[in-house]
Structures are given as structure tokens and as C-alpha cells.
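The following pair of complexes shares a single chain, subunit A, combined with subunit B in the former and subunit C in the latter.
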Partner chain A sequence: MTTNLPKPLKPFTTAFLGFWVFLAAFPFLWMFLISFRAPVDAFSFPPKLFAPITLEHFYTVWILDGFWKQALNTTIVTLGTVTVSLTIGCLAGYGLSRYRGNLGFWILIIALVFRAMPHVVMLVAYKPAFWAMGIWNRYETLIIVLVAINQPFTIWMLRSFFVNIPEELDQAALVDGCNRVQTFVKVIMPVMWPGVITTGLFSFLLAYNDFLISSQLMSGDHMTMTAALSNYIFSDDSLAKLMHGVAGAVSITIPLIFLVLFFQRYIVAGLTHGAVKG
Partner chain B sequence: MAGIKMVDVKKQYPNGFVAIENMNLEIPDKEFVVLVGPSGCAKSTALKMIAGLEEISSGEMYIGDRLVNKVPPKDREIAMVFQSYALYPHMTIYDNIAFGLKMRKTPKEEIDKLVKEASEILGMSDLLDRKPRQLSGGQRQRVALGRAIVRHPQVFLFDEPLSNLDAKLRVKMRTELKKLHERLHTTVVYVTHDQVEAMTMGSTIVVLKLGAIQQVGSPLSLYSFPSNRFVAGFIGSPSMNFLDCTIAEENGNLFVDTGAFRLMLPEDKAAKVRDHGGKEFIFGIRPEDIRKRREKKESYSEEHINAKINVIEPLGKEMYVNLSAGNLEFMAIINARFPLKPHEEVELTLNMDRMHLFEKEGEKEAVAHTAKNATTLEGARLMADLDESDDD
Partner chain C sequence: MKIKTFLAFVGPSVLAMVGLIAVPLIGVVYLSFHSSYVKTEIVEVKSSVPLFGGLTKTTVEKVPQPVLDENGEPVKVWEYVGGRNFDTVADPGGLVAAVSKDRSTTEDGQPTSFRQRMDGLYRDVTDIDFWGALEFTLLYAFITTPCILVLGFLLAVLVNSVVQWIRGPLIFATLLPFIITPVVGSLSIYWLFLDNALVASLLEQFGAGKIYFLKDAISIRTLIVLYGVWHVTPFAFVILYAGLQTVPQDALQAAMVDGATYWQRIRYIIIPHLRALFSFIILIHLMDAYRIFEPVLVFGSNLFANSLQYLTYYILNFEDNYYKAAASAILTVIGICILLLPVLRRTYREQKGVA
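Here is the complex of A and B:
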């Protein structure tokens, strides 16, 4: 697209975009920088670009405060959510993409309505019910709730990927000797993996970043990273504690950055996917 | 080997739309049958019902002697070639061709033998390790064919297999498909919207319109003896001229009166019109049955028509000439050696033996030859006639 720009304009766009990226990324960069500093250096005025480096905050958070446990919790919950919602999403998305009746349309609309609801609306109902059933504060419970929140989106997204796989491919497989299940497993899914990766990534981000539900349903040893992090940020007893929070925040962000960089090709493909092919 | 029989087959979609109403069709074993019609005529739906990819709402479908209404596609012993080829993008060409055999648990050595054989027939032995996306359109088409022939099915189903190829390749593949049919000697059902493809490939053509069969017959019988105006207009290019006309009687002779000109009906046609009793018809004449008057030929009308040339499209051997007479407009194919110019007046004569009259209501051919005549006697004469017209 930029190739169509008049030549003299190019340096300006580059400069402007560079400035914009810097502006947008500055808080994160600064957070990253000060997470390796003693509180005195971190909050000195005027701010210092260079200061002695220390891993003290990370040590305190991860080892002494047991952040590794919360990281483990988050990992379990996130992987569980991604696996379950992709499984259901692929089956439902495939079915809906090939189904020609009116019912399919209404199912999708209903899914959209659920997607549009604020998450907290359902929390009001979940929490006392789960409490009464005694399944509060368990991985499965949180996974189920996150899947429920996530599912409409994954179904919609996966469906649109499936729609782009021509039905003739199904038909070819059926004629070639497959039944419906074999068609799905042997012919459709192998073609679908860019869609699965993209959708998986989005549901990963949702589960990984979720704070509202996780913080309400999990506590103690089962707390997730985001919930644990809030304890640091909201406490104002000391600068040191806040610095631990910063170290925690950096720890949460780094895997995300790598993930997005690694899969960015698919994310972009997934985002533009509907636009190009309709 | 097996033929196909459809008895009162109906297709109704859940929303109530009837795509096919009571289709009765018998396709003999080893025949090359073409289903042809404009888009929306349900020709692909009919094909998919034979394949088992579309459910049949009511009626009976037989492949060979077996009722297949409830038989899933994989057990129908059919192979299908799709318009988009529908190759499996994640598999190599070898695996694409072998897939159907693998699904049927064919022993490995035999798969290898069959795939090699099929790829040799189609001349693509050196492509087996590639992926579909590395092939050109024509090559993909071959792979799709290979995938079909490797299984030695009872019936081949082709769903517009050539329409994604460029014009030159299409003509080439047309011949190859015909050769392939000669070689494999299997029943073929071929769907296309292109009447040229239908004429050149089919031994029998089924013309469809809005889910109803219009006419079934050999290419030449459809061309010469269309049963209604739709078939007459659909088969042949440039298509038949249709002019509103009335029947007039004078001195015991019947005349076709279009307003712009009046032509005497030959005796046999006149008799049929008398039997029919109608007065208003649509007069149909193919462009090649209109000639520039030079010397009278026996079957040509005694009267001549004066027409003005509007547009000439030279094709080398002949030219398509758009003419008008009075307020009527029509097309004629005229030998290229006549020095015609636009806006000139010409004298034309019409081959009245090959004219048609269609009823205004229902558009059925009113002076049609009987079916027996159409396929034998008249057919032979038609051939002689066509030869003759060459040395005009």
C-alpha cells in the first residue's frame, strides 16, 4: 500500500509512524526499564535513563511470594479454555458453515447476543450458584465459565474460516469414500489449521488476560496471575510492594509479546480474513 | 458398469422451493450424457442427487439395478470431477489420486500400480510429488480426472469441469475427455451450461430449464428438431431467429406472414398447420438457413425477402449478418465470398424445409416431425443437407 505514496512523503510517514509507536509503547518500555531498578532509582525525579540493574523484585515476586504458583494456575486455566473452546468451536463452526436451514442463523444470532452481554452480568448468577454447589475455586469451574464467555466468538470466527473452505472439498471427500466424520478429520481440519491457530490465539488472550471472572471465582492457591497482580497494585503501603507489582506485570507481558510476534502472520490473516473474502 | 434411472425424482428445499419437479430420465449404460441448461435450471442439483450429495425429496433413483435413495455417496461406486477441481490442498498429487483407494482399504502395492497407471494415461507421472497449488489450472484438472478414473467407478459425474479453463485449453480437454470416454467405456453424466460443449461431447443431450426436462436426444436431433422454442433458442449459435407470424390462406396455399414478408409453406408443413388449426405462431429459422438469393434451390422459398444489412461480423469462412426487414430484425450466416456492405439492400431466400413454427402459448413446436422421423429418416436427410450447404 505504501508503495503508491508519492516519494517525498515517505520519510514523513516513517517518522510519524515511528513517533506514534514510541508514544504508544512508552509506558510498557518504561515499566520494563524500571522493573530492574531499586525503588529509589525507579521513581527518581528527574527520571534517569540509566541506573543500576537488580533482579530483586523478580526474585521476591516469583520465589518469595509464590508467583510461580499463580503462573501455573494461569497456564492450566488458559490451556484448558483454549482446548475446550477450540474443540467445541470447530465442531459447531463446521456444522454451522455447512448447515443450510434457518436454525443455523438463529443460533449464530443468539451466540452474538451472549457475546454482547457484559461478563459481570453472568457473574452475579454464577458466583452464588457455584458457591452453593461447592464447586467454587476450582480450575474446571473457571475453565467452564471462560469457555462459555469465549465460545460465541470462537464459533463465529471458526465458522467464517470454515465457510471459506469450499463445500466441493467435502463433497469430493464424500465421493472418495469418507463418511462425514472422516471428511472432517482427514480433509477439512488439515486445511483449517491457520483458522485454528488464529482463533486459538484470540481465546488464549481472553483467558490469559481475564481478570474479572478469575479474581471472583479463584482465591488462595488457585489464584491466577492477573488476580494476584491486583494485590500489588492496589496496595499503597510501600513503594517496594508496587515495584513487585511492576515486576509481575512485566512477567505477564513478556510471554504475550513473544506469542504475538511469533503468530502475528496468522493474527493479521485472521483479522483481514473476513474483509477480503467476505 | 451401470446405467442410471430416475423415476419421478423431486427435489424440494426446506424453504419450500422446488428445484426439480418429477424428473424421469433413463441413462443407458456406457452412454455419454450431457445435462445442459442455463443457470438455475437445477442441472448441478440433478447431478448431485445422482452422486448422493443432495437428498432426494421423493421419487426413485437407480444406479444399475440398485435403488440408491438411501445409499451414501461413498457406496454408490461413482466418481465425480468438480468445477473447482476440489483437490485436497494438503496432500501431494499422488496422495490426492490415492485417497479414494486408501479409504477403501486397497492394498498398498495395488494403489501404487493404479495411481501410476492413471497418471500415465493423463500424462502427469512427473507431477506426483507436487502439491496442488504448484500446478496450473489444466494440470489440476488432470489430477481431478486422475482421482476419478483411478477408482474404476460405475459412473463418472462431471460438474462443469472445463469452465475454469481458458478457451484454448477447454477445446483441447474436450477432445481428451471424449477420448477418455472411448477408452474407459463407462457411463458419463456431464453437466455444463455451454451448449457448444454439450453438442460436441454428448452422445445424448438432456436440455433442462427451471428443473424440468425440455428435450432428450442426440445433438443433431435437438438441433434440427427442437421440441419447443426454448430448446430451439438454446441449442445453436448464433441462435435461431424468432419472428411473430400469422397464417394466411390464398388459392389453397398457406402462407407465413410476419408483417414484413410473406412466405409460402411447403406442403407437408402446411398439412400439419391445417391439422393444428392455429392462426398465430412464432416463426423460427436458423441463421444458416437464410441465404443470399443467387439461384433458386429446391427447398428454398420461391419468394425472396428484401432486407437491409445493419452489421456484418466477418469470421473468415462466413459472416454473421444482422439484417432488418420492415421492423423485424434477424441474423443470417452468409458465405464470406459475397461482397456485402453495411446499409446495403440484399435479396434473401429461406430454407422452408428447415423452418419451425412454435405455438404462442406454451411455445411448443407445432409442425414438428415425429420422433421416429427425427432420428432416422430426417436425420439422414439433414446430414445430406448440411453437406450440400457447404458448397453454396
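Here is the complex of A and C:
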């Protein structure tokens, strides 16, 4: 689209965009600001823009409460989820993009329905089943659950990336004597990296941001960071505890900010891919 | 590709989805028709109570006690209960009573207005947990959807009209509410609106008096809806922004040559070009809005605003009743199917047309 907005709208544009950026970023900025303050300064009347800085809340949360352990758990779970998700997702996405029959179409439609399932529905079954099987509170369990829940979205997205790779490439490789697996590994995957990175980012976000499933399947030493936040916010109303929650929330946010900074291009590509092209 | 190869490729993924989504769904259906309780029996318990001077009185009481098996564990009875769990969740009896209740006069015999009767009906129906949760879930979905479409489109058009170098930072800031953990995002808003926090303090300082945002159903509901718009608008924006890049330039130029105004170009060229994207955003957002959970959890108090997913979570965790939770989950699934049926039919036709 051309950039010529009607002249009288120009000041409106600046004002509106400025206002929006303020709205989008302010809650996080304020959270950062108060996480370094004593409780009295964080919730003061009248509100203060400047106040003495303290690292006390971060110290309590990370060192005394062992948030580092939860950070480690989050790392294990998210890395595991991303790896498994991408592995089986790429296989399925490739198959779905190259197969012409009806079955592939139905798998995609059913996956779309699965995508709509509220997660608590599955949780109702997981709770008694995992308890009976004795696989409660284990990394593998959470990883495989997150992978499965993530699959519908993953295969849709990866498929739309694979569709954009011309089939002539496959045919050339097949004629040259590769079998399907060799074609997939040696010819197709090397040109799929943008798609893999984008889908990987979204798998990461799903696993990292998940609260409901993680907080229900893991407890004690196995809690993830996001799930552990509930320790601080729902336990009681003391202001000190609330401030620890703020420090925890800020700790969770920082990696995500860097993620957006470094991978903005891929995130935008991913969000637009499914809709615009496929 | 041959079907055998195809099956080998999609196998692991399909297995994961069947094993951890489809089978659990069937399990939930099964659970929802059953119930279990600890088997009890009436036992005669003899006890002697000392009276005085070494005399005792022996009493025999009948006490219910759990039946124990040979390992000393209580015996659980598992039974098929038909639709009983659904009845406790959806309370059709209560619903009928609420609808058919006579509200033509107030308690002191005054005739009521239509408005009062509707208010009374609304209050009685939403008093039942399930219908209250359904009401707010749908309210949330249907209020946020048009808001994010309009706001996202506006942002996309405006960002598209500013100079190139500033677009990167703009998109960065815009993505934040969408990317950052929903619990954290909800909390960051919640912490602004606490009774002694920034917004309330500022308003008080400017003479608006003391406002308690989190003590009132209307303000809590408004906050949750605003959070929803804030959280999802970036998603609509990014998709529409990318769509704007694909609008055919020659059509726009032809329209300009023919003297079309800016609004006419938006109305007759750009919006029709983006139509598929609008329906994509609606589809995805309806799915996500229907399972709204984190803000309801954070803004607390299912008293004021409840959602279907939160209701099931609550029954599962705080009432600790798998069977009732299963029934609530099944009703939730039926709801999403009804809601998505029109959109799914459309997707079906589109995909069929392509394939």
C-alpha cells in the first residue's frame, strides 16, 4: 500500500501510535521499575517516579527461595518440548505437504479441532491417569504432553512452509536415486531452516508461557518458573510476598524480551505465514 | 507420495495427538458418566463409659464406617450415573426455575418494569456457576473480537504509513503484550490496579476519590476485557500488516487515477483484499477467547467473572471431583464445537477447493 495518508491525519497518526506504544510497554516498564524498590516505594501515595534501588527481592526469590531451580526446570522442559515438537512436526509437516490423498486433509481438519480444545479438558483425564500410571511430576511427562498439545499448531505451520518448497526439488533428488528419507534429510531440510526457526520459536513460547498444564502436572522441586509464580501471588496478601512475585515475574519476562529483540523478524514471518500464504 | 510413506512420516505426530488428545477426550467422556464413592457399612460399636466407683456403662452405637479390603484400603465403588454429573454442573432444573420464576411483582407487591424483570432473570440465570461462566466467556469473546479487528487494522494502516526506520521499534513494542507470558501480562495489569497501586493512587491524587477496581464486578470484567484486547491486538496487527504488503499496487494506482479518495481505497480495495485474513483472525481468536483462563485466575474471584475453563479448573482442584469436572469439560467442548462449526465448514470448503 502506498504511504500517502490524507494530510490532516498525520498528527493523529503520531499521537495514536505514541499512545499505543505507551499502552503496550508501560505495564512491563512499571513492573521493572517497582521490582527494584522497597514495598513502601512501590505502592506509595502519591506514586513516585524515582525511588531508592534495592536488589533485595531478586536476592530473596533467586537465592533464598531457589528460583534458579525452577529456571533450570523451565530450561529442561522448554528445550525438550522444542526438540521433540520440531522433530515429529517436521516429519508430519513434510508428509502432509507432499501427500495428495484425502487422509492428509482430514488429519489437518481434526488437528484444527484439537487446536481449539481448552487444555483443562485434557487435564481432567491426565490427572487420574498419570497418577495411576505413576508418571506424575516428571519432566518427560510434561514434555510429551506439551508436545502433543502443540502438535496441531506445529504441523499446520510447518506444512505451510514445506508447501512453499517446490516439489521439483524432491523429484530431482528421487530421480538421482535418493529414497524419501534421504530426500527429506539431505535435500529438503537444509532449505527449511527459516521455517524450523520460526516454528521452534512458537513451540518455545508455548512451553515457556504455559501455566495451566505445568502448574498441575509438576510440583515441588520440579515446578517451572511460570507455575512457581502462583506461590507468590495466591498465597497471601502480604506486600513483601507480592514484591517477590514482581521480581519473579520480571525474571520470567527478561528472556522473552531478548527473544523478541533477536527474533522479531522470524516471529512476524511465522504469524503471517499461515494466514497470508497458506 | 505413497500412502505407506505418508503414514510413516505423519505417524509419530498422529500418535502423539491420538494418545494425548483424542484418548484423553474419550476418557473424559467416560468419566463424565461415572462416579465413585467409598463403600461404607453400618457397624455396631460397643463402648464402655466409666461412671463412678468403678462402675461402667456399656453403650452400643451404630456408626457408618468405610469397608476395608484385605490390604486395609477402603473399598471404592465405581458406578454408572448417567447424566447426573451433567445435571449437577448445568443444573437444568435451576435454569428452568430461574426462567419460569414469576417476577411480575416485587416483594412488596409493586408491579415490575420489563427492565427489572430482565435484570432479575439475568441475575438468577448467571447465579448458576455454569451459566455464569458461559455468559462471561461468550461476552469476552464477542466484545474482544471486533475490538481487536478494528484496533489491529488501524494500527496496521498507521504503521504502514510511517517512515521505514521507525517501523521496527514500533513492531517490537507492539509484540510485547502478545509474546510475554499471559500470567505475567495479567499480573502486570493487576499490579497497576491494586487498591494502593499506581492507577488508583494517580486518580486519587487528581481528585477522583478512592476507587477500588478489584472489588466490583463491572470494573473487574472491564479490566479482563481490556486485558484481552491489549493481549491479542498485536496478533491481529501483525497479520493485517503483512497482508497490507501484498495489496496489489496497480489496483490502488488505477483507483487513484480514477479519483478514488483515501477512504474509498480502504473501503473498496484494501478491506476486500484482506477479507480472508479477517476471518483467519476471527477463527483463531474465537478459539483462544473461548479458553480464556489466566486473567480470570489473576483478577481472582470467580465471584465476579468466571470462564468455562476456569470453572472446570476450579471443580478439578478445589472441589476435587473428577466426575463433575469431566462433565463440565464435556459441556465446554460441546460449546466450542457449536461456536466453531460455521467457521470450520468454511475452512473445509476453502481447503477442499484448493486440494
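Keep this in mind: the second predicted complex is superposed on the first by the 261 of 278 C-alpha atoms of A that agree within 3 Å, B and C clash if a C-alpha of one lies under 4 Å from a C-alpha of the other, contacts with A are read in each partner's own complex, and residues count from 1 in each chain.
The criterion applied here is as follows: contacts are C-beta pairs under 8 Å (C-beta built on N, C-alpha and C of every residue); 3 or more make two chains touch, one makes a residue touch a chain.
The model shown is predicted, which means the values in this text are computed figures rather than measured ones.
> Fit or clash for subunit B plus subunit C once both are placed on subunit A?
By the criteria stated at the top, subunit C and subunit B fit after superposition, with no clash.
> Given the superposition on chain A, which partner contacts more residues in subunit A: subunit B or subunit C?
Larger number of subunit A residues touched: C.
> Once chain A of both complexes is superposed, is A:89 in touch with subunit B (first), subunit C (second), both, or neither?
second
> Let me test your reading of the model: by the given contact rule, A:101 touches which partner, first (subunit B), second (subunit C), both or neither?
Both partners.
> Does subunit B (first) or subunit C (second) touch A:20, or do both, or does neither?
The answer is second: A:20 touches subunit C but not subunit B.
> In the overlay, answer first, second, both or neither for which of subunit B and subunit C A:245 touches.
second
> Pick one for A:119: touches subunit B only (first), subunit C only (second), both, or neither.
So A:119 only meets subunit C here.
> Pick one for A:172: touches subunit B only (first), subunit C only (second), both, or neither.
first
> Nearest approach of subunit B to subunit C by C-alpha atoms in the superposition, in Å, rounded to an integer.
Minimum C-alpha separation, subunit B to subunit C, in the superposed model is 9 Å.
> Enumerate the residues of subunit A that count as touching subunit B in its complex and touching subunit C in the other.
100-101
> Residue numbers of subunit A touching subunit B in their complex, please.
Within the complex, subunit A touches subunit B at residues 100-102, 166, 168-169, 171-179, 182, 187, 190-191.
> In the complex, go through subunit B and note every residue touching subunit A.
It comes out as residues 13-15, 48, 51-53, 72-74, 78-80, 82-84, 86-90, 99-100, 103-104, 147, 151.
> Hey, which residues of subunit C end up touching subunit A in the complex?
Going by the criterion above, the answer is residues 1, 3, 5-6, 8-14, 16-17, 19-25, 27-28, 31, 154-155, 157-162, 168, 170-177, 179-185, 187-189, 191-192, 194, 196-198, 201-202, 204-205, 230, 234-235, 238-239, 241-247, 249, 252, 262, 270, 276-277, 280-281, 287, 290-291, 293-294, 297-298, 308-309, 312-313, 316-317, 322, 325-326, 329-330, 332-333, 336-337, 340, 344, 347-348, 351-352, 355.
> Along subunit A, where are the residues that touch subunit C in the complex?
It comes out as residues 1-6, 13, 16-17, 20-21, 23-25, 27-28, 30-31, 34, 43-47, 87-89, 91-92, 94-96, 98-101, 103-105, 107-109, 111-129, 144-145, 147-149, 151-152, 154-155, 180, 184, 205, 208-209, 211-212, 216, 226, 229, 233, 242, 245-246, 249, 252-253, 256-257, 259-261, 264, 267-268, 271-272, 274-276.
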